[in-house]
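We call the chains A, B, C, D and E, going by the order they appear; numbering starts again at 1 in every chain.
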Amino acid sequence: MIRRLDAFLPLVGVVGLLAIWSLVTSRGWVDPVLLPSPAETFKAFWKGMDGGALGFDFVKTVYRTTMATAIAAVIAIPLGIMLGSSERLYRSLEFVIDFFRSTPASAMFPLFLVLFGVGDETKISVAAFGAILVILFNVAYGVMNARKTRLLAAKVMGASRLRVLFDVMLWESLPQTFVGLRNGVSLALVIIVVAEMFIGSQDGLGHSVFEAQQLFDMPRMYAAIAAAGALGYGLNLLFLTIERRFVHWSGK
Amino acid sequence: MIRRLDAFLPLVGVVGLLAIWSLVTSRGWVDPVLLPSPAETFKAFWKGMDGGALGFDFVKTVYRTTMATAIAAVIAIPLGIMLGSSERLYRSLEFVIDFFRSTPASAMFPLFLVLFGVGDETKISVAAFGAILVILFNVAYGVMNARKTRLLAAKVMGASRLRVLFDVMLWESLPQTFVGLRNGVSLALVIIVVAEMFIGSQDGLGHSVFEAQQLFDMPRMYAAIAAAGALGYGLNLLFLTIERRFVHWSGK
Amino acid sequence: MDATPDAVRSSPTGYASPDHHGEEFPSTPPVGGAGKRPHVTIRGLSKRFGRTVIYDDFDLDIPRGELISVFGPNGCGKSTLINMIAGLIPVDAGRILFDGMLLSEIKFGYVFQNYREALFPWMRAFDNIAYPLKLMKVPAAERKARTEALVERLGVKIDLNLHPYHMSGGQQQLVSIMRALVVEPEILFLDEPFSALDYEMTLFMREQLQKLFIESGTTMVLVSHDLEEAVYLADRVLLLSRHPARVADFVPVSVARPRGDETLSDPEFVRLKAHCLEVFQREVRRG
Amino acid sequence: MDATPDAVRSSPTGYASPDHHGEEFPSTPPVGGAGKRPHVTIRGLSKRFGRTVIYDDFDLDIPRGELISVFGPNGCGKSTLINMIAGLIPVDAGRILFDGMLLSEIKFGYVFQNYREALFPWMRAFDNIAYPLKLMKVPAAERKARTEALVERLGVKIDLNLHPYHMSGGQQQLVSIMRALVVEPEILFLDEPFSALDYEMTLFMREQLQKLFIESGTTMVLVSHDLEEAVYLADRVLLLSRHPARVADFVPVSVARPRGDETLSDPEFVRLKAHCLEVFQREVRRG
Amino acid sequence: AAQDKVKVGVFPISSSLPYFVALEKGYFKARNIDPETITLMGGPANVAALMTNQIEVSAVLVTLEGLNANVKKPGVAMYIAMHSQTPEYKMEQFVVRTGLTDKVKSIADLKGLKLMSAPGPANLNTAKGVLAKVGLKDGDYTIDQLDMGQHVNAMKAGTFDGGYTLEPGATIMEKLGVAKRIEAGVISTYILGNPKADAFAAGCAFTSDFIAKRPDVAKRFAEGWAEAVAFIKANPTEARKYLAKNTMTPDNVVDEVPMLGYTMTKDMSPEQLGWLQQFADFGTQIGVVPEKIDVKKVVKGF
């Protein structure tokens, strides 16, 4: 009974957020022109989704984010395992990783524009670049903190360095890898949205946010932001579900 | 001997990065106007740092980033432990956390602008907000993946829920907390820089990047970006050093 | 140190020969309530993991102030039982009562079978041992004094400034035992507490445990795979069957205390041991 | 199953009485190279953790095809020694040679003292056992067959579809032992392999180990805190002192194989056991 | 025959109107040109794309940015048309929050207030230059640059008292009643010193590569552009329609947003060229254009 209700727990957060939002706007703590009420925002959301531009923008952003995350995962996970398995290698590259993790991807737009052109590639590659760093960092951390006894066990059974990497470290780092993936997908989404805002794009949620901002159409702007947030939650949920299925042993 | 050389490992990354950069510019693969050579950038960096505006901007950004991270840590660590210790509580709030983690902090500027004005407060609070979410997420994850036996051991010794929280979960989550802190400080820095770029700022590295970008003063722009990256690495290194001292048991 | 280890050292023990049969003991009823008031009362306990039924409508009384040895095959549910009593894992059905007290009011001592993971790696061994005192809000100076007194009494020679993960297996287990002993618990659970200790240390800790038991009258539940140890220390031996665990027998050990080397050759002791062995083997073979 | 456990079951063992002194055994030199060619040669081994010296210029020969029992107090460095031999932790100084072979060419079997953490929680027990075969590139079908054959031979009744963290301590240890046995290793290290097994299982596994040893002639190194077990299984008992570990004695056990219940009462066996005990106690007391 | 493709970087603001008019009215198509619209936000993106020849035309390129780019890489942005802003063709202007309209009637009244400015050193320095011309020194006011997307918000929230802003923000503010225009066309009046002067603050630019390699296509493109400019001049009301659809202009202000003085460079009078030169020199003076530049070298008449 209680178990079954647990599926609705995320709603608590949604409802709480909406309640605070409603309160803030209905009490006039923030000017309703600057922060429209949830109802108004929802109306804009619905209008945009139901055949409007928002639905199209949403799909575009989903595509770009998914591409970026997929590319990032494919590159970062093996690399992270490699780096994590060699403390010295990691230390050598740590500077580069931490360096780029700490520079705003948006500052890199002009450079990526030059390297990848003006199409979708630029946005996807900047986002993938950002996500790679985060995933890499987490995977490497996971590998470095792997339980030593398990590594030794594999080693003594005659596992080659490569086998230890893939048969033990990969698994040991999985919980942390999922942290990285979830951080990575969120970051990719953020960068995609920002890229759509600032590099220029004819579609995507970022375009929607930017345009609404320029047009001072606040309900539409918050509708687009809400769509981005919901998308982020959805992607996180996806990874969470996969994690629950695969990483059954965490903490054991 | 080899040990002593290990301290210089991060240089490998720096040198590698510079080598690639030099190669790209000297071969003319990228227009030197858009990507100046490392030497030129370093000249701009030196000029800016040695009594120039860059040094001042750097200090400003350090101050804001440190403030934002400190605020975020103070709020997010206890909260994260609380959330992590109750699966159901976490599930309730997960939506909100993942939602905001996935919306670009820059989209929040208008709201924070209204709430806090254009001063340092807005920048610091947006950055703290972003960092809180990341740290919270990591700390909660760390707590949730704490080794069960240790929790049980404390419980059976008669530790109250609160004691278990602070005597066991806090410690168990420390490795992950540091992942969060390092992610958080990098994110805070990124947001601060972006905020300095886009909301009325007269100083800070973001201001420097933005101005240089507008003036097509690419050496200065990359000098400012490099300063931001180096700052990020430095802050990460700080946390890493603290972690090495305090989290001596990871993987054991 | 009044119980010098030397007395024990020179007394290796011997198992009874197999021809002793314990037919003269009628199996005691599942509820072993001979005389003393039960400290822990278990009624209708059920527990399953997935589709595996570990306990099904299980009843047991643990008398106050007695030392109960639990003896049974691997995986029969010994650890699960004490975990449920200590409230560490939930029961599926049934009640566990503590002579009118709430679970939360009782001071447990617990040596985990998985002693390695039960220690806190961020604390030095000494602080690990003193930690339960901290929970009881004992002032720092007294904590130190009491911990040192215990270390002194046990004549432990290991460096307690080490972190647990820098210790050998046996050293970790010793720390784990000391952590359970440092408070004066009302009930002490020991899940294979001597499994990693060396020959000498095992014998010595056995004596220490008996001494503590006699002095304090603490209710103790000891899980051991060493039959001689189980019988030697027990007031009653709880023999469990393969899961779903039933009480195969609950054998009172009426040999007088303090027991010593001579006990091992006491005919009553030898007979009891043989009886337990027989019941155990019958149960194991049946499963 | 040709070695029925029943033969063992009905034979509880007995320790020797302390009055037997082993003075008639001259201490063998640290290098025990009687006849057989050494399989492992250790020369000038030094190891310290922080300021604690565990080994200092330590020499040892492990003869090929012999079963060496290592017996010594907690924390003397038994686990450290086999970890160094297996190349799991680096030596500070000294050489470990494998009869002309490289460390990487040797197929080790290793039952970790910390068996819980050595299993892979992401694999089911069955796959854990079969994993070393996978490393040897044995095809899947054969892996399955060989693992099943081993399970069959040992008559293991536990559900091997469980993940390790869903198993009891003893079950995990059993899985860990099976994982070491499933390959035919050249050298088998067993670090307190039976510490969590129940009474019956311990006796049974002992016999299985002896059988395997006789059949395969694998060099084995067994760490045990059970003196009887150590002597019963060994060709030589390596008695270590407190750290810095020295070879207190390296006692050849010349009792004929296969050994059985009758061995336990063999006067030679009883005498050897007493001798080992005496050396051990002398060493422990000295520390 | 296949149409000639032209890659055009477009910043979708009201200044790009001629491009959309030409596109929608088929002026390019009629000249056998098939433009590919590449949305690029702001100067840096457009300049980067021009420099790497990823676009051949930038539909709106801020003059000072274009000049700057030409210093870095001569000939990268050749203006074929310019958009003039004046008190009549309103673009840049000073506004004041509604609550202060009684007190603030002229730019000089902004003394002691908290001001915002359109972002970038060019805008900021222009604002400061204008304020200096009316006698306000640094310290008589505070000024922060702010992303254009935030201007209406900031006025609404009262974060600033007034400031230097651009269209269509100013019109939106007036429409919403959060702020009032004080004076527009301040560059002409104060920087160029003549309210009648054209401030050519932005324009449409080709790369010289484009001009050199495909002179014929470039010519036809410029002609299409000229036709659109003529159309806008003749039918401003109809032309506005194209704002709503293509640019970030709210529907409810489409009819009110001021038009710009769209001019082909080939048609520019010597006087107009002089104003352009004067503006360029101002850019050099405030340090936005690193060196003095002869504007004749960056305009190309077709």
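Going forward, a contact is a pair of C-beta atoms (placed from the backbone, for glycine too) under 8 Å apart; a residue touches a chain by one contact, two chains touch by 3 or more.
As the structure is a computational prediction, the values presented were derived from the model and not from experiment.
Hopping across touching chains, the smallest step count from subunit B to subunit E is 1. Comparing the centres of all chains, each the average of its CA atoms, the largest separation from subunit C belongs to E. The mean-CA centres of subunit A and subunit E are about 37 angstrom from one another, to the nearest whole unit. In this assembly, the C-alpha centroid of subunit A lies 51 Å from the C-alpha centroid of subunit C. With centres defined as mean CA coordinates, subunit E is found 85 Å away from subunit D.
Shared interface positions of subunit C, defined as residues touching 2 or more other chains, are 114, 117. Residue positions of subunit B touching 2 or more other chains: 31, 34, 110, 114, 147, 213, 252. Residue numbers of subunit E whose C-beta contacts span two or more other chains: 44, 48, 51-52, 149-150, 153, 157. Shown are all chain pairs that touch, namely A-B, A-D, A-E, B-C, B-E, C-D.
Residues 147, 149-150, 152-153, 155-159, 163, 167-168, 171, 174, 247-249, 252 of subunit B are the ones that touch subunit C when the two sit in their complex. Only residues 83, 86-88, 107-108, 110, 112, 114, 117-122, 131-132, 135-136, 163, 165, 179, 183 of subunit C touch subunit B when the two sit together in their complex.
If you check the complex, the residues on subunit A that touch subunit B are 6, 9-14, 16-17, 30-31, 34-35, 88, 91-108, 110-111, 114-115, 134, 137-138, 141, 144-148, 175-176, 179, 182-183, 185-186, 189-190, 193-194, 197, 206, 209, 213, 221, 225, 228-233, 235-237, 240, 250-252. By the touch rule above, subunit A contacts subunit E in their complex via residues 31, 33-34, 109-110, 113-114, 117-118, 197-202, 207, 210-211, 213-217. Every residue of subunit E that touches subunit A in the complex is listed here, in rising order: 9, 11, 13, 37-42, 44-45, 48-49, 51-52, 54-55, 148-150, 152-153, 156-157, 172, 176, 248-250.
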